[in-house]
Amino acid sequence: MTSSLIHPDRLFPSESRTLALSREIYRTTVSLPIISPHGHTDPAWFAQNESFTNPADLLITPDHYVFRMLYSQGLSLDDLGIPRADGSTDNPPPEAVWQLFADNYHLFRGTPTRVWLDHVFAEVFEIDEPLTSGTADHYYGVIDSALKTPEFRPRALFERFNIEFLATTESPLDTLPHHGALKNDSWPKETNRRIVTTFRPDPVLDPEFEGFAENLTELGRLTNEDTSTFAGYLRALENRRAFFREHGATATDHGHPTARTAWLDRADVEKLYDAARTGAINAPEAELFRAHMLTEMAGMSADDGMVMQIHPGSHRNHNQPLFDRYGRDRGADIPQTTNYVDALKPLLGRYGNNADLTIILFTLDETVYSRELAPLAGHYPALKLGPAWWFHDSPDGMRRFRRQVTETAGFYNTVGFNDDTRAFLSIPARHDLARRIDAGFLAELVVEHTLREDEAYELARLLAYDLAKDAYRI
Amino acid sequence: MTSSLIHPDRLFPSESRTLALSREIYRTTVSLPIISPHGHTDPAWFAQNESFTNPADLLITPDHYVFRMLYSQGLSLDDLGIPRADGSTDNPPPEAVWQLFADNYHLFRGTPTRVWLDHVFAEVFEIDEPLTSGTADHYYGVIDSALKTPEFRPRALFERFNIEFLATTESPLDTLPHHGALKNDSWPKETNRRIVTTFRPDPVLDPEFEGFAENLTELGRLTNEDTSTFAGYLRALENRRAFFREHGATATDHGHPTARTAWLDRADVEKLYDAARTGAINAPEAELFRAHMLTEMAGMSADDGMVMQIHPGSHRNHNQPLFDRYGRDRGADIPQTTNYVDALKPLLGRYGNNADLTIILFTLDETVYSRELAPLAGHYPALKLGPAWWFHDSPDGMRRFRRQVTETAGFYNTVGFNDDTRAFLSIPARHDLARRIDAGFLAELVVEHTLREDEAYELARLLAYDLAKDAYRI
Amino acid sequence: MTSSLIHPDRLFPSESRTLALSREIYRTTVSLPIISPHGHTDPAWFAQNESFTNPADLLITPDHYVFRMLYSQGLSLDDLGIPRADGSTDNPPPEAVWQLFADNYHLFRGTPTRVWLDHVFAEVFEIDEPLTSGTADHYYGVIDSALKTPEFRPRALFERFNIEFLATTESPLDTLPHHGALKNDSWPKETNRRIVTTFRPDPVLDPEFEGFAENLTELGRLTNEDTSTFAGYLRALENRRAFFREHGATATDHGHPTARTAWLDRADVEKLYDAARTGAINAPEAELFRAHMLTEMAGMSADDGMVMQIHPGSHRNHNQPLFDRYGRDRGADIPQTTNYVDALKPLLGRYGNNADLTIILFTLDETVYSRELAPLAGHYPALKLGPAWWFHDSPDGMRRFRRQVTETAGFYNTVGFNDDTRAFLSIPARHDLARRIDAGFLAELVVEHTLREDEAYELARLLAYDLAKDAYRI
């Protein structure tokens, strides 16, 4: 708590009146439970509650924020124990991986990764000295010992982190065994916690997804529907959405390359579906099929009430040689320009005026905050804006989001914070960072006299807790 | 004046030396008369000087900034009394509309609408308590009573607001009866005020404008020119420009979808004109025709001295179902990416080196401030930059404009402030906001020692008053 | 030193704790030698060490930052003595040019040019009063007299400016006589200075460059290679790279219109080369040829160790009438949107994972900082980011660069400061400005408690000195 690694005033504005007010505002949100409606933790952790293995496996190898930076400076992924596409690794000793990481910890200066990790070191492991080559052994020992104790098992940490609601993200072909187990487990109820899944249908909506045809076959098998017809395919999707809702899902999640939407004649989309199913589809047709299916998904959301999340704009696996050797999710997904105005028009023309529907937009292209997203969300009843995402889930990234979005869309067309993380231990660090940035932003509005202090306190709670619960229908 | 709704230091930087200097700089501009060279108020108000009807009709139903935010949060436009495309409304009682607005006033937290409205409530109506559900009745009573008094008629407010010059915006087919009446009225001269029109020829330059063919016929009728030929069309345009100048106009205004310009061979443009006139033009040809005509307009400006304003980049009527039901200007115009570098090259190659010509560029795409507009305006003698516009006419929008434009274009290639508003009562609020932001920006330059204090005072006056008068040739 | 034109605290953040720390950090870098690894000074100055002629020829006519602003406000380039394309000028007396400049010095308020020039006036010429119409004569006299003294000859200034390393930029057809003379001169060694060239092959890589075919002939002549074949052309390029390395070059520099790269089959590129060589190439083919050759250059850099600099995104000579009359480099180069993600993929797929190669990317399109460049540089081992460039080499331009780049790419994927200037006297001013902005940025991170003070001092030195030496392999 009093670790010198993290300062009680960190991330607040420096000007004295604003700093003082930021502290007061933050004090009213620091103890609110965490709502984590969008993320990528492993549900097995909470269903099985087994100890985490070691510091390197917990904090380095699964976190592409960490190893992409090390790789960018010439370190070898093999030396870091990153698994190759065939599942093999050089099996470096975790102590050696940790030492390599510590030797290069200076690379993270100025990045949010540094802020999150120092928070984890200080708050979760109560370490008091900076991570350096010289302290690497000490860090490893402290963390490794802690992980072997019951207090550092997933459920104990979940409670300690004061998480009230956590959503994971699964493929529509996932049978959700861990969420099923959690449904029948007494722990969540007794401790008043919820862990749910999210429906992420990219593997069966995107004809360019690896194994698309096999995925459709599996979709048919799971749902007992004939996915060789478009009608059967739609029914199968409805069926899986219902299955996910039974496992707690309140939302779907869509990570298409672009935000393009379309509404095609039934005959045309059936033709595209046949081509997609049989692998006879070309790239523009695949884009059109995805575009149509996004609108279909909005229609299903209008029917079944699931919140729809859209986050386009990543050029996945940009580094071909790296992809060939190490596979997906190795830090080589690069943002690209994303058009929302033309792209979303077909979907919005059909469903955007439906005030009972919630569509949450994210972007990796910050130029659209003030130009496109805020004007769209400040008009269409169905639209809301997700928080600063991925590379922009950072102090200045969040400040730019608030500054460029709020004046046109207000606060109430946003949905609070998402941590979007695979790194379980970083969840409180990330929510803490967001609450601090929001406290500072609100304090600045009060100090410049465009917001009353009572309003700032009300908004701080909304941004930290209520907006997320409301938007995700929790 | 001492209403607690607005603070004397609002919108100034918080750091103490900068705050103190901002106050001093602002003190030298607060009493300067208002120059409003670009706006959309109704000239009938000033020609006829009739009382405004009621608070809702004055402040809510005509202001799409206000009702778009309410609509985005699920409120019904019918309940707000917004007229449908056929002119009908549900005629909700204005008191009920006002209550609905008051119940949702929290939605505007963090937006410039809130700043403007609080300014109006405090400065124009001298109300002292925040607008809430509970104070809605009180507000309605105070405002409604005031509107019935002579002190709140348009001319009295015009004088009270210290407006020296106001431009409205009219179609080239408008016969300008109200501006005609004002020419023959003694009030403007006696009180040293000017109210003029602006020539906005989109309805006769854009083949995709509603009723384009009929508009050309009417243009011919008004000017006694044969608009079935391109030569007659050009003469008719020159004729209407002269008519507008007789009614005080010093400027034209062009709101094309893009900034594209072109200079075509006469035979080619005549062919396009024939196609446009007879409705046989396709979308790319319509774009090309508009592009050519923008260059023609620059040529006419070079001849007749009218300042040319170009503000492209809005995707008009994005929400088709809403447009079908409620028509234009319902808050569904959405900005889009706008290219200026290639787009303006033909026009600038022809007229950009003419130092006697003034072309004022606006944008809804902030990414062009530093990349395109400032470099262009910092080079071409004919070019100047309009202020932060529309969604960016806001505290942070203006700060970004100054920060991203000044270093490359300087202050002298900008043209002061435009309020661009339909909301008459917000004019002083908007100019006050701009003067405060500029005072703060200049104070920051002085405090960081890159500008002397005497220069800051000189620039403050220019930004608040002289640059607009000079640029618009007032 | 104590000239009132420049304040010791200029450009530091205003908040008192941050200001105090900025001063301390800056104090540790102010005396570090200058590393200037990318610029456009004339090597003849240092080889021949002749006096500069007069104030106008030194500070105004060669600096397009200066005369573009004057031109944008209607001043005549002829009156400023800017040479026309045919080499002629009106030969205005330098005193008159200086007076004109002084009369309009207010136009530079808020620009970095003002900051640089005041620095030059104060620090180099020890002038104490602002430049105005009234002080123009005094300024002219002081500067002109100084230029006639030995202390103001190029080498004396070089030493006074504490420049340790300076790179100029030359065409591959340049025989580098001045660099040759400097190699055999004792002055650099005795004073421990290095002046080197940089290999800028645009004239022989870009089929649309003026005189491309003749350039290839000359390239063949210089290298004794048969440039009528693609194989001979590649050998000739390797030969010139070696020649440049013998003259100290550690880097190449590439200013293509776009960042597009490609890797074509040998037969295809040979066909393109033949078309380019014989003037039978069209625009898309020229783009493709440039794209391929950028990848060839990366391959040669991988072999010979030269650092590769890429700075695309300028629309050169935008103002056609001005170009026709005055030629290149007259302030009419305008930035345009630049895509890096798709454009660089072919090159990066081939060489981006090579940690022994260094490719430094620059941009004139700030929107790519956070969206494209920082994510790319934070992943690919070969990539690093050049500093804020050209129009963005300014206080706020640099702040935006740090804020938008650091969180994703860190500090260690950047390369320190480049002055990129033709204006020799402005070199210390520009490095001083950069060191001040970086001191302020680092101080802000410390004051917001996301960086320790010891780290800030370490980083300040890196940003001011070591990163440039390391990245450019000096």
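Should a chain be cited, it is by its letter among A, B and C, assigned in written order, with residues numbered from 1 in that chain.
The definition used in the following text is that contacts are C-beta pairs under 8 Å (C-beta built on N, C-alpha and C of every residue); 3 or more make two chains touch, one makes a residue touch a chain.
No experiment lies behind these values; they were computed from the predicted model shown.
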How big is the rotation, 0 to 180°, that puts the C-alpha atoms of chain B on those of chain C, in steps of 5?
120
If more than half of the interface residue numbers appear on both sides, call it same; otherwise different. Which is it for chain A and chain C?
different
Averaging over Cα atoms per chain, report the distance between chain A and chain C in Å.
40
Which parts of chain A, given as residue numbers and ranges, touch two or more other chains?
13, 15, 367
Chain C residues touching chain B in their complex are 6-7, 9-15, 68-69, 71-74, 106-112, 114-115, 130, 315, 318-322, 331-332, 334-337, 364-367, 391-392, 394-397
Given the complex, residues on chain A that touch chain B span 13, 15, 17-18, 339, 341-342, 345, 348-349, 352-353, 355, 367, 370-372, 374-381, 383, 403-404, 406-413, 444-445, 447-452, 455, 459
